[in-house]
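Data first, discussion second: the structure below is written as structure tokens.
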Amino acid sequence: MYSFKNDYSEGAHAKILEALSKVSGEQNAAYGMDSHSLNAANLIRKKMGRGDADIHFLEGGTQTNLIAISAFLRPWEAAVSAEIGHINGHETGAVEATGHKILTVKADEGLLTPLLIKPILDSYTSEHTVKPKLVYISDSTEVGTVYTKALLSQLSAFCRENGLYLYLDGARLGSALTAQGNDLTLRDLAQLCDAFSIGGTKNGALLGEALVICNHALKDDFRYILKQRGAMLAKGMLLGVQFETLFEKNLYYELAEHANNMAELMRIAIRNSGFEFLSNSPTNQIFPILPDDFVDKLRQNFDFEIWEKTDPLHTAIRLVTSWATPEQEVERFIHYFYEL
Amino acid sequence: MYSFKNDYSEGAHAKILEALSKVSGEQNAAYGMDSHSLNAANLIRKKMGRGDADIHFLEGGTQTNLIAISAFLRPWEAAVSAEIGHINGHETGAVEATGHKILTVKADEGLLTPLLIKPILDSYTSEHTVKPKLVYISDSTEVGTVYTKALLSQLSAFCRENGLYLYLDGARLGSALTAQGNDLTLRDLAQLCDAFSIGGTKNGALLGEALVICNHALKDDFRYILKQRGAMLAKGMLLGVQFETLFEKNLYYELAEHANNMAELMRIAIRNSGFEFLSNSPTNQIFPILPDDFVDKLRQNFDFEIWEKTDPLHTAIRLVTSWATPEQEVERFIHYFYEL
Amino acid sequence: MYSFKNDYSEGAHAKILEALSKVSGEQNAAYGMDSHSLNAANLIRKKMGRGDADIHFLEGGTQTNLIAISAFLRPWEAAVSAEIGHINGHETGAVEATGHKILTVKADEGLLTPLLIKPILDSYTSEHTVKPKLVYISDSTEVGTVYTKALLSQLSAFCRENGLYLYLDGARLGSALTAQGNDLTLRDLAQLCDAFSIGGTKNGALLGEALVICNHALKDDFRYILKQRGAMLAKGMLLGVQFETLFEKNLYYELAEHANNMAELMRIAIRNSGFEFLSNSPTNQIFPILPDDFVDKLRQNFDFEIWEKTDPLHTAIRLVTSWATPEQEVERFIHYFYEL
Amino acid sequence: MYSFKNDYSEGAHAKILEALSKVSGEQNAAYGMDSHSLNAANLIRKKMGRGDADIHFLEGGTQTNLIAISAFLRPWEAAVSAEIGHINGHETGAVEATGHKILTVKADEGLLTPLLIKPILDSYTSEHTVKPKLVYISDSTEVGTVYTKALLSQLSAFCRENGLYLYLDGARLGSALTAQGNDLTLRDLAQLCDAFSIGGTKNGALLGEALVICNHALKDDFRYILKQRGAMLAKGMLLGVQFETLFEKNLYYELAEHANNMAELMRIAIRNSGFEFLSNSPTNQIFPILPDDFVDKLRQNFDFEIWEKTDPLHTAIRLVTSWATPEQEVERFIHYFYEL
């Protein structure tokens, strides 16, 4: 049964597998000091227009978040996140396991704003509570929405005024940066964020996230914590080669665009069939609200995630497309809606 | 310049790369619940003769050690290790970062014995000190030596009598189990250890360690800590496929045997040339003690690690062979010794 | 200026100071193994009717909570608390600093019920989220309310059915057990809770909380974690003597009752003056909602905490009485209300 | 039976108990912001000649060490300690429980020197090991010895050259500063150390350690971690009043001097009787090496700690005197030696 369950069902793009095969016989320096990792970092720096950023390659999203946050914060400092933020709800308390509390706010469409964060700063002001110090956002968010340049700029300015770090989880950054309506670029992120990640796993790589550290004060000794938390691969070239392939030309954007296009086809069909969505997602995750009996029928033919009951007769489901989603499966899916 | 620096310079064995390419187009269940991971676990269970063992696939050695140890121990319990144990000296305090102290003993050739551990049990007896609870050993050890069945059996019996868990770090287990003089099998380990790892990274895989949990009391909820510590790959099949390939037939042993054979050729030549070794290693890491000027000459032609000064005129170096070491490079290396 | 700011402004009750002076010349065993600590534990066990409970004396409330919770839980397990629970809002992330997430629910009057906890159990069901394992409640609560025997019994039954530990923070337990309408006893707590604390600091002691562990499975090695977290006093008798004095006869209850009585006088006067309260507190903390200008006037004569704005013209304040509050100060305070 | 087991068997000096009784009726600000704590800090600052030092009052020695070290270090940084250092052997892994490794060196008489620390700096140089960042010493040491001004100055200079913090555990600082041959003062410590503690528990207080932070870079937000680790007493005046009493005049020194004098009497008698000592302790802990049969006889009349077997027929014991040790008990003890 074809699955729209997530964007990590398939392996890696053919070009990545080829690149891996090609370099596999080489003897490479270990622990991320190989020429492929160094080159990949340079390629990304060039696209960001910041030659001074530090870039580290890690294995997964939870790992990247927990390491970045625990490296940046002192023991009593806390992260601020949307309630639906990935670090809050889907990482088994990984941030807390490193000793840091997460302060949450309900955020419309998963997007944080200065207005939402301000009350936390106002009420967490003494040593009897944690000290809010880092703002965690994700782009695209957990419900597929994206930040505009205007909103991210506001947020960045607010964070700087208030001595907060701005950290952006880019597990699905490719999809965000190639979404309809997006006006952000890597270049912008490198100016507006203190640190952010560029997700490979959900965009054509076997595994891998690039962590970009822009704020000079957060760079020192970072490789120590990579090793300490078990994130430093002996064969670091495995990550380097993949990001090299993704950023040598524009493969990273092309793959994300394909996923977005596939989701767009489904979105149009679902909307044309008269259904609403849980969020205004222009990316590769969409959350249609469907009658329960229709959901049941759909499940017999496709795999996807049940998101939540929206009323006694309706359910929001999550449909995720990927760099590998074939257009004919999307068409087959759409067919069901037009048959209704 | 050819490198004998470590056994993780090269990528993966061709069969592994092929297997990855073959399955890359499949849609697989995420987070290690895919058919390849399940099959790989079954293949290993069969070779161990223990259908009841839990097997998890992780990315690296430090990660495996820190997760296993922190999952097994309560906050005040400690690990006992040889001073040269990998967790003590080469993992950037990864175990301590999870809150646990490591108690160390000087161990001849890196091998722990009941006699070495007993004094620790005798002196750590009150709540004013940590409680020794887990014995950490590695096979092969950090100086290339291996446990015999007799010694491991003694150690296992001692641990059981004293309520200690026995955990074996098998980052180089392949090399140990195929070494000359080794009489241990996976089957033995599964009977004698509470948990142990089977290293893939240093034996032909791109990355990956299989963690085998034999003690039923240590199994519960283990997937929670995998996720919490950032070790649960979205595309878990990446690990599953590699271990499937390694254990479908005997590739795991064949690769290790090749590395051992290459080291043996070098060992013989070095010994024939009249030099001694720092340890009695029958595995793929050897530590010849050489005159300093000869070391300097050697370095102009080969890359390897300087281990330690043994006297003012001599230095022990570390030479490591791998599944990928070509015999002609070994011969070229040997040539230098016979030229002396 | 007289302060109704909290119940820890004054030192210790005269009988406690006397007892300390009396035993100060003795040579006592260290680290809580002295005869006074042992005797105090026995006195409490007798009052609870459970000779098998383990009792440890700690210094403060945050310390007791963080040690108990981190001793009871495995790394991926979480505590469930009311949003206003002390561990969530007023302990600087102490529980998270030990690695554990707190899951919160909005709780009317600060009281948890099975109905409030059930949805958490329903949604936290996989290894991608933490595992709810301990229910944290406080009695009296952070807004002065108390549990009834019926509610605590329900909660206890619910916890046992669902494999959850029930832990009660008794920093203000004296005030709760002597409150009007309370029908709980130490005996009940010892049957219904897995563990609970009996606060001394806020009820006449210089410092000190007794942690009672009823669930046999949670007892082992507890003194190790006391020491590890810095809670084991060299002169443990300092705590033992105080609890001995409090529980030899009924001083613990008498002191709490006095505090409650003083609050009751204020409560009646405030209510008679036509004001409402933020919560139905029968204990020594009351939260009247007053016109802002009246609050300003009051502040010129008494010290107390501003709790929260309830509407543009009104503010809830917190008034706290203690074992040491003189009736004439209460009368002076009441005078202001009748003067209105 | 009279005990020379430790210096925390007795309660508090009469003047401290009086002071506590005197202020007990006051309403004091909570959490260490009371006038007594502020005054005590000022008294200490004055004696140190450093008005800019931050001073916090904590409950115990292990607590002080674990909080200071975990506040000062980043996650991958380690403490360097003598093998017999209190943090290494007698605090149940408290420092490791906060995530930090302790690197140890064998130190003659428990005293660290630049020469002993240098090899650690030389071998811990990459991200594959922890980063040594703080040097932990104690004065007097665990075997009663003391630092000279010359040695501490060397150590301090060495630490500054190498970017290491120098932290001195002063659990028995009183005894050290009043020992024969000591040439250090509080004033020196405040110049030479980045932070140090002044122990109250072992010198006449019921409980309490003053933590002095001299290095400006280590001061920020320290009260947050006090609260987070459970060290911030609600009735902080309990600590303030005691240190006020100890440092108002010279009580702190007088009490320590008495303990030293009592030990000196015993030391002379033991030496005159022809016995040797394990260490050259001029402080209140002495470690005579005695024939086993004599130790047995002694134990029937006095309580003390067996330290270690020094040869098959001899045992080193630990004798500790305190501010409260009566001279007649010392004389009674000495009597045994002259009877030999």
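Letters are used for the chains, namely A, B, C and D, taken in the order the chains are written, and counting of residues starts over at 1 for each.
We take it that a residue touches a chain if its C-beta (ideal position, glycine included) is under 8 Å from a C-beta of that chain, and two chains touch if they have at least 3 such contacts.
Fair warning: this is a prediction, and the values are worked out from it, not measured in the lab.
Asker: Would you mind naming the chains that touch chain A and likewise touch chain D?
Answerer: The common neighbours are B, C.
Asker: CA centre of chain C versus CA centre of chain D: separation in Å?
Answerer: One centre to the other, that is 34 Å.
Asker: Please report how many Å separate the Cα centroid of chain B from that of chain D, as a whole number.
Answerer: The answer is 42 Å.
Asker: Calculate how many whole Å lie between the centre of chain B and the centre of chain C, each centre taken as the average of the chain's C-alpha atoms.
Answerer: From the centre of chain B to the centre of chain C is 50 Å.
Asker: Mind pulling the residue numbers of chain D that touch at least two other chains?
Answerer: 75-76, 91-93, 97-99, 127-128, 130, 224-225, 227-228, 232
Asker: Line, ring, star, complete or other: which describes how these chains touch one another?
Answerer: Topology of touching chains reads as complete, every chain touching all others.
Asker: In their shared complex, at which residues does chain B touch chain C?
Answerer: 31, 70-71, 74-76, 98-99, 127-128, 130-131, 221, 223-228, 232
Asker: How about chain B: which of its residues touch chain D in the complex?
Answerer: 75-76, 78, 89-93, 96-102, 127-130
Asker: Under the touch definition given earlier, write down the residues of chain D that touch chain C in their complex.
Answerer: Per the stated touch rule, the residues are 2-3, 5-6, 8-12, 14, 17, 20-21, 23-30, 59-64, 66-67, 91-94, 97, 201-202, 206-207, 224-225, 227-235, 237-238, 324.
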